[in-house]
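Chain naming follows the written order as A, B, C, D and E, and within any one chain the residues start at number 1.
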Amino acid sequence: MAEQHSVEIRHLDLDFGAVKVLQDLNLDIHEGEFLVLLGSSGCGKSTLLNCIAGLLEPTDGQIFIKGRNVTWAEPSDRGIGMVFQSYALYPQMTVRGNLSFGLKNAKVPKAEIEKRVNRAAEILQIQPLLDRKPGALSGGQRQRVAIGRALVRDVDVFLFDEPLSNLDAKLRADLRVELKRLHQQLENTMIYVTHDQVEAMTLADRIAIMKGGQIMQLSTPDEIYNRPRNKYVADFIGSPSMNFLDGHLENHVFKRGDLVMPMTGYEFAAPKVADRKATIGIRPEHVITGELVQGAPVKSEILVDVVEPMGSDTLVWGNMGDRPFRLRMDGNARVKPGERLPIGIDPSRASLFDASDETRL
Amino acid sequence: MAEQHSVEIRHLDLDFGAVKVLQDLNLDIHEGEFLVLLGSSGCGKSTLLNCIAGLLEPTDGQIFIKGRNVTWAEPSDRGIGMVFQSYALYPQMTVRGNLSFGLKNAKVPKAEIEKRVNRAAEILQIQPLLDRKPGALSGGQRQRVAIGRALVRDVDVFLFDEPLSNLDAKLRADLRVELKRLHQQLENTMIYVTHDQVEAMTLADRIAIMKGGQIMQLSTPDEIYNRPRNKYVADFIGSPSMNFLDGHLENHVFKRGDLVMPMTGYEFAAPKVADRKATIGIRPEHVITGELVQGAPVKSEILVDVVEPMGSDTLVWGNMGDRPFRLRMDGNARVKPGERLPIGIDPSRASLFDASDETRL
Amino acid sequence: MSDIGMLNTVKAAEDPVRRRLDSGPRGARPKRALSRGNIILYGTLLVVSLYYLLPLYVMIVTSLKGMPEIRAGNVFAPPMEITFQPWVKAWAEACTGVNCEGLSRGFWNSVRILIPSVILSITIACISGYTLSKWKFKGSDLFFTILIVGAFIPYQVMLYPIVIMLREVGNTLGVQLFGSLTGLVLVHSVFGMPILTLLFRNYFASIPDELFKAARVDGAGFWGILFRIMLPMSLPILVVAMILQVTGIWNDFLFGVVYTRADSYPMTVQLNNIVNSVQGIKEYNVNMAATLLTGLVPLFIYFVSGKLFVRGIAAGAVKG
Amino acid sequence: MAIADTTATDDRVADRPASAKKPMRLFRNLMPKLALTPMALTAVVVFLGGTIWTVVYSFTSSGLLPRLDWVGLEQYDRLWSTTKWIVSIQNLALYGFLSLIFTLVIGFTLAAMLDRKIRGEAVFRTIFLYPFALSFIVTGLVWQWILNPDYGVQGVVRSLGWESFTFNPLNNPDIVMYGLLIAGLWQGTGLIMCIMLAGLRGIDEDIWKATRVDGIGTVKTYVQVIIPMMRPVFVTSVVLIASGIIKLYDLVVAQTSGGPGISSEVPAKYVMTAMFGGQNLGQGFAASSMMLLGVVIILVPWAFLEFGGRKKRV
Amino acid sequence: VEMEVMHWWTSGGEAAAVAQFAEALNNNTDNTWLDGAIAGGGDVARPVMVSRIIGGDPPAAFQFNHGRQAEELVEAGLLLDLTDVAEEQNWAEIINPPSLLEACTYDGRVYCAPVNIHSWQWMWLSNAAFETAGVEVPQSWTEFVETVPALEEAGITPLAMGGQAWQQNGSFGVMAIALAGEEAWLAVNRDKDAEVARGPEYARVFEAFGAARDYSAGLQVQDWNQATNAVIEDTAAAQIMGDWAQGEFALAGEVAGEDYSCLPGLGEVAVLDTGGDAFFFPVTGDPEMEAAQKELAALLLSPEVQVAFNSAKGSLPIRGDVDLTTVNECTQKGLDLLAAGQTLPSGNELLSPDTITQLNDLMTQFWNDTSMTPADVQEQYAQIIESAS
């Protein structure tokens, strides 16, 4: 284990009374990594983050930051900074006050405080705002101040709890990029909680998908998108979500009624997979349409139900037989509800899951 | 003009004290149309909707619904139904109670109420929920009940005020489609307020872009996306937003430093446009990359700053000279920050604006 | 064990030594029940509680003592010989003037005053608060401002003007307002109005406007929205209003004595008569028993509805 | 403008005849106006009318009955040259100041303690709140007795052997106001505690977390972060406390009757004594008017800020 | 008819006395007595009564003190004219002293029915207390002052005084008559002569009053009867208090002459002031009620009722022609003075309530503020007299 781990979590359990929120959770986060905790509401993301921050006490297990066991350490002694969904800025203090409050409390010398606040303000480009109060800031500016509050404290690990979910779409996109840029600049470890998969995909070095207090998959965005470990992850990632078709895997050929799909080019998890009931998953954006259908390995057609033109591309909601089927087409595509649309599928970009335990085959 | 107008708004003014929120606003909405009011926060969308509903009294002007002057009519007499952002379900009543409240108020006979509630429940597939209270419903179910409340009243016009903005991304996408399907089924007039452009683009027959209490453009989504009437609209629609480059239009050729762009194929608003300072706008998704750059009418390159892989596609944030420049690439594109990326531009898909009054040329 | 934390997670169940942990702190930090912070916290609370409970204790203890014992000992000593005589006397025997019926005479009067007063004052305040929050019109806030300033006027100052108003209004309408229960109920409603209206107004303001708008679209009118939508959601604030009014009206002496006749004096007048009638040495035990008896109704309501009270306050008072 | 025109509509911008007429302003939304009548009447007739009536009669020499024989400022002259009035004002100022401060401090401290997720919160809350259910008459009586030098605290401490112990506020003109304060606080802090508790419950949990991450101690967090955030709660509390202070009367009557001497007189009692003891309504009204003036000076700017500022119409 | 009668007689002896009225009314007429007692004295009860009258819902009868308190009500025509009853019953003859009827008469018409005489001019002494101190029971204020050191020696509070203002002002009035003399007192109280108030006679009174303040330092009670109780229990030696105090001694089973002694006029100037209570009858406009009111007025002055009432209350009857059934030593002293015409009008009759309130305040202030010298208070006193109407 040559590589330094920034945060290590060992066998973490956390109960709220009878409710087990985290269950034997293990997680290693690399130095300088941007890790996103992604999961649906209530899956325990915030709880985990609060445990790392020391704001919640685990029922069992240990937490290490930079190799130091901080399980019992105070939040302020852990070398972490946290940015909250509501930002939790101190409303009656100026931005400068917000930034320096923690430092003053730690009895850092005046000059040093000054220096650090200015540096943080410079990095975040909020120098002109230093004497305003949070009430007079826009959402994005507040968010920067909240980050600044962690920044001045020179922490090893940044923790973010859905810092963008209160903002409107446009601002969210801008701030996402800013965060990413900040990470490139600071090279700190960042742990970021969200339930927005676009954020997860764009920001993360690695994504941890959580469900029911456990981690379902911990991989790069690419891997998670292209090779989801199980049907839950596959369904969770991607918008509109993956199309699933139930069928049979026989001799590495997926069959469902008329649809026969030899899985050539598909990377099976094990070299030889036995025959069984299986589910195939096809991402809407991987469906082949238009002229390219001719050359597609597998062909089928769907009955169009709803068409959503989105400018840059068009979403088509239809049915393949009795199953709903979504696909994403070019923004210029002209499709009408009620139309029969020929499509093509490339098995090498599909995902195959066991029908019973739903793991990837 | 033979077509019947469902809602007509004439010279509508509305002031809150000194603040003029709506100014001489005119709007005709066709029978059965799905009209989306789109605009940034505070531009007066909700105010306009509330005026149509009769929940706010205009300072001046008139409102017609189905040809009847309803400017001073009670909300319940206007033949409108409204769905609110927070759904505003009556928390102490069951779903059935919520649905029948309006009918009871209108003294509709018991049997008739029963019939209509059941029909609405069927359309919206909420029969099993009829005896629950709103507190025991999920976000999506609540939304359906809220729609049902308008549905039972057999109204001519449905008004929606950001009905999806409280939901998470996944649910939002699903309900959007459901709404669209509902509109296809009911063929009522629907007026829908949002500040989410994806919703606007996917749902609308026509979009009205508002700014500062006035309507900037009222057109089909396609038109708005491809031929924005001015720079505000162009900037507002599309995510990430359009790239703008300032330069000179000389003899139908746009020039900016090294970049020389003959506007062949571009549909000018007037046959002959005089030389002037102009701004060209290029949508990130219309930038040509990869092998296709070779064949592009105009070529350039950008310095990549941040890369956001989003699964289905990849956003690249970079700089063209001193101007930030965004582009959207395929999900498989592999680009690294710091790289110089050759790009191509197709003038026929660009938009050209006057630099001073920002209208489309 | 190279890079993968994920392996840990997924395979944890199969790991034979899965509970192998590094030494060092683990799990929840051990807590001592008697930490310094806790001692200070609970210690202070207990001491402060003593201060709050002391008077109640004194009242109860004293009311159970005989007069000789009271004269001999201090107020805090527990009774050596418990007697309920003071309670009996306070309730049924204590004299004022020629009447020797104790508090019992006033109890039902108080109830008869209390119930209509509480109902009327809450009704008016509720309707006003509702109007002020959801049906504002030009000038409505001005009335409200005047009303709030009115909350600061000492009641005594308004005594005469109100007497005159009741007389004049009564004469105009041809009914007896002054000196009748109706008049008293009106007076209680008037003086309860500022605070109650404020509470209701703030509470209704915290109910989303959208709900109100939805009901209007559904064709509910002014009253329909109030009764069918708003009121069913108003339990906490109704409780607060009721508690405040019950306390205020039940404890009221001034209005009760001025605006009623001798045969309908409320209990507090009797209490005043018992407490302020001086016969030789003060009969403290009877006074205390009378005091406790009088306080019983509001105290009971407090003990029963404490939790709702905090909730209602949170909804009505805090959101300004 | 140009844009709005073209976008909106085409040809028939020529207005249609307005078939529905704009209803008259007064009769629009008639029901709310009717519903507010009782309150408006109360405000205008009773409070405003009563106030004006009082002020008018303060310029007369009304005795036992209100009479309109004008004497100009005579009543005010006399008022301000009366020691008792001056003492009353001073007492009210002292009591008001201390009561405001202590009620806020104690109320907040108790609320903060109850907010620390303690056991038995409901029990403590009830204990702190119950005195509010009792009338001032009762409060005054009980505390008069507990503070009685012979039977009460002083007597008990002395009987325990500390013979020189002296705690006899109700008979010592210098500290009698503190004796009243003890009882007043006992009665009134519970409600404020409740309000503060409700306010604390409304503070964003994340703020607490943020201060913990910043390493700020509990007390410091309360003082520097939480309290400034609770401004509206404090405003409500101050209004409630202040309205109680100005009306301070029953407690004084029950506990000290203004004594010893005139050392615990308060303005409301001055008013009552002048009106009904001295049968000099004019004097009483003059004193009331001064009290009202004080209230108005403090209150009106606040009221306008609080309620007049953000106007909204339906 | 049911007659609501309002009064503030709620203590033991008072209530028993009122019961005599009630009984008489219920037994002798067709009317019934509805008792409207309000404890707490005139200050609590008066606003209620006045409000009731102003508000148009007056009681059938109400109690006020003799004197000028009801003047304005009469002027406003709110009170029933009793002149025909007075003439019929020949009140002018029977009421003694005549000043009482004068106090009820405005512009020659009679508006109230006096029911009793109360005099402030008494000092009550505990025989046992002086015995304990080893001194003779004093016979005058001067002698009393001499016994003070011995009393203090014995741990007895020489003078009991309640904390309420009216008690202090009342005691001052008593001392003023006794120590400054009738003439000076009348000059000040009747003629409002501020020069006399500033003069040497009064200076002596203030000196004595200041001394009295010191004598009473050992006892801290509020109510007058608590002070009386201290005398009854022999922890205090003396109290200056009106004759109503005697009711407390009686209630405690003490016997005049044996257990306690009394000094009218402080033993210096043997004179009684003749305050007391009177009943007023508001105009109701209801003839039936008016008849009943007049019936009650006549009844209140009838000899039997006078005897029964005053025996119970410990006050003196307002008619000279009745004998109280059992009369103790002190009451007899009073009756003698009355018969001898040694009377003065009471302060209530001479001074307006407004002035009395001011004096109450001044005296209580002086009494409780030891830094105030007799000279200070004398000057302020003179100023109040100067501005009195």
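FYI, a contact is a pair of C-beta atoms (placed from the backbone, for glycine too) under 8 Å apart; a residue touches a chain by one contact, two chains touch by 3 or more.
Which chain is which protein? Per UniProt: A, B = Carbohydrate ABC transporter ATP-binding protein, CUT1 family; C = Carbohydrate ABC transporter membrane protein 2, CUT1 family; D = Carbohydrate ABC transporter membrane protein 1, CUT1 family.
Keep in mind that what you see is a predicted model, and the values were worked out from it rather than measured.
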Note to self: Quick check on the contact network: minimum steps from chain A to chain D?
What the structure shows: 1
Check: More contacting C-beta pairs: D-E or C-E?
Finding: C-E
Notebook entry, point to check: Given that chain A is a copy of chain B, what angle of rotation, in degrees and a multiple of 5, matches their CA positions?
Noted result: 180
Margin query: With centres defined as the mean C-alpha position, give me the chain B-chain E separation in Å.
Written below: 90
Next item on the list: Express in whole angstrom the distance between the two chain centres, defined as the mean CA positions of chain A and chain B.
Entry: 27
Notebook entry, point to check: So, what's the distance in Å between the C-alpha centres of chain D and chain B?
Noted result: 51
Item checked: Euclidean distance of C-alpha centroids - chain C vs chain D, Å -> 16
Next item on the list: Scan chain E for residues touching two or more other chains and write them down.
Entry: 47, 54
Notebook entry, point to check: For chain D, which residues are shared contacts with two or more other chains?
Noted result: 272, 275, 311-314
Item checked: Multi-partner residues of chain A (at least 2 other chains) -> none
Notebook entry, point to check: Considering the complex alone, what residue numbers of chain B touch chain A?
Noted result: 41, 168-170, 173, 176-177, 180-181, 184, 195-198, 201-203, 221-222, 225, 237-241, 283-285, 305-306, 308-313, 315, 317, 328, 331, 337
Item checked: Residue ranges of chain C touching chain D (in the complex, touch as defined) -> 41-42, 44-45, 48-49, 51-56, 58-59, 62, 70, 73-76, 124-125, 127-128, 130-132, 134-138, 140-162, 164-165, 190, 193, 195, 197, 221-223, 247, 251-253, 268, 271-272, 275, 284, 287-288, 291, 294-295, 298-299, 301-303, 306-307, 309-311, 313-314, 317-320
Item checked: Of all residues in chain C, those that touch chain B in their complex -> 208, 210-211, 213-220, 224, 228-229, 232-233
Checklist line | chain C-facing residues of chain D, complex | finding: 29, 31-33, 35-36, 38-40, 42-51, 53-54, 66, 110, 113, 116, 118, 122, 124-139, 141-143, 145-146, 148, 151-152, 155-156, 159, 186, 190, 194-195, 197-199, 201-202, 232-233, 235-236, 239-240, 242-243, 246-247, 249-250, 268, 271-272, 275, 281, 284-285, 288, 291-292, 295-296, 299-300, 303-304, 306-308, 311-314
Check: In their complex, what parts of chain C are in touch with chain E?
Finding: 95-99, 159-160, 163-164, 166-167, 170-171, 176, 178-180, 257-259, 261-263, 269, 272-282
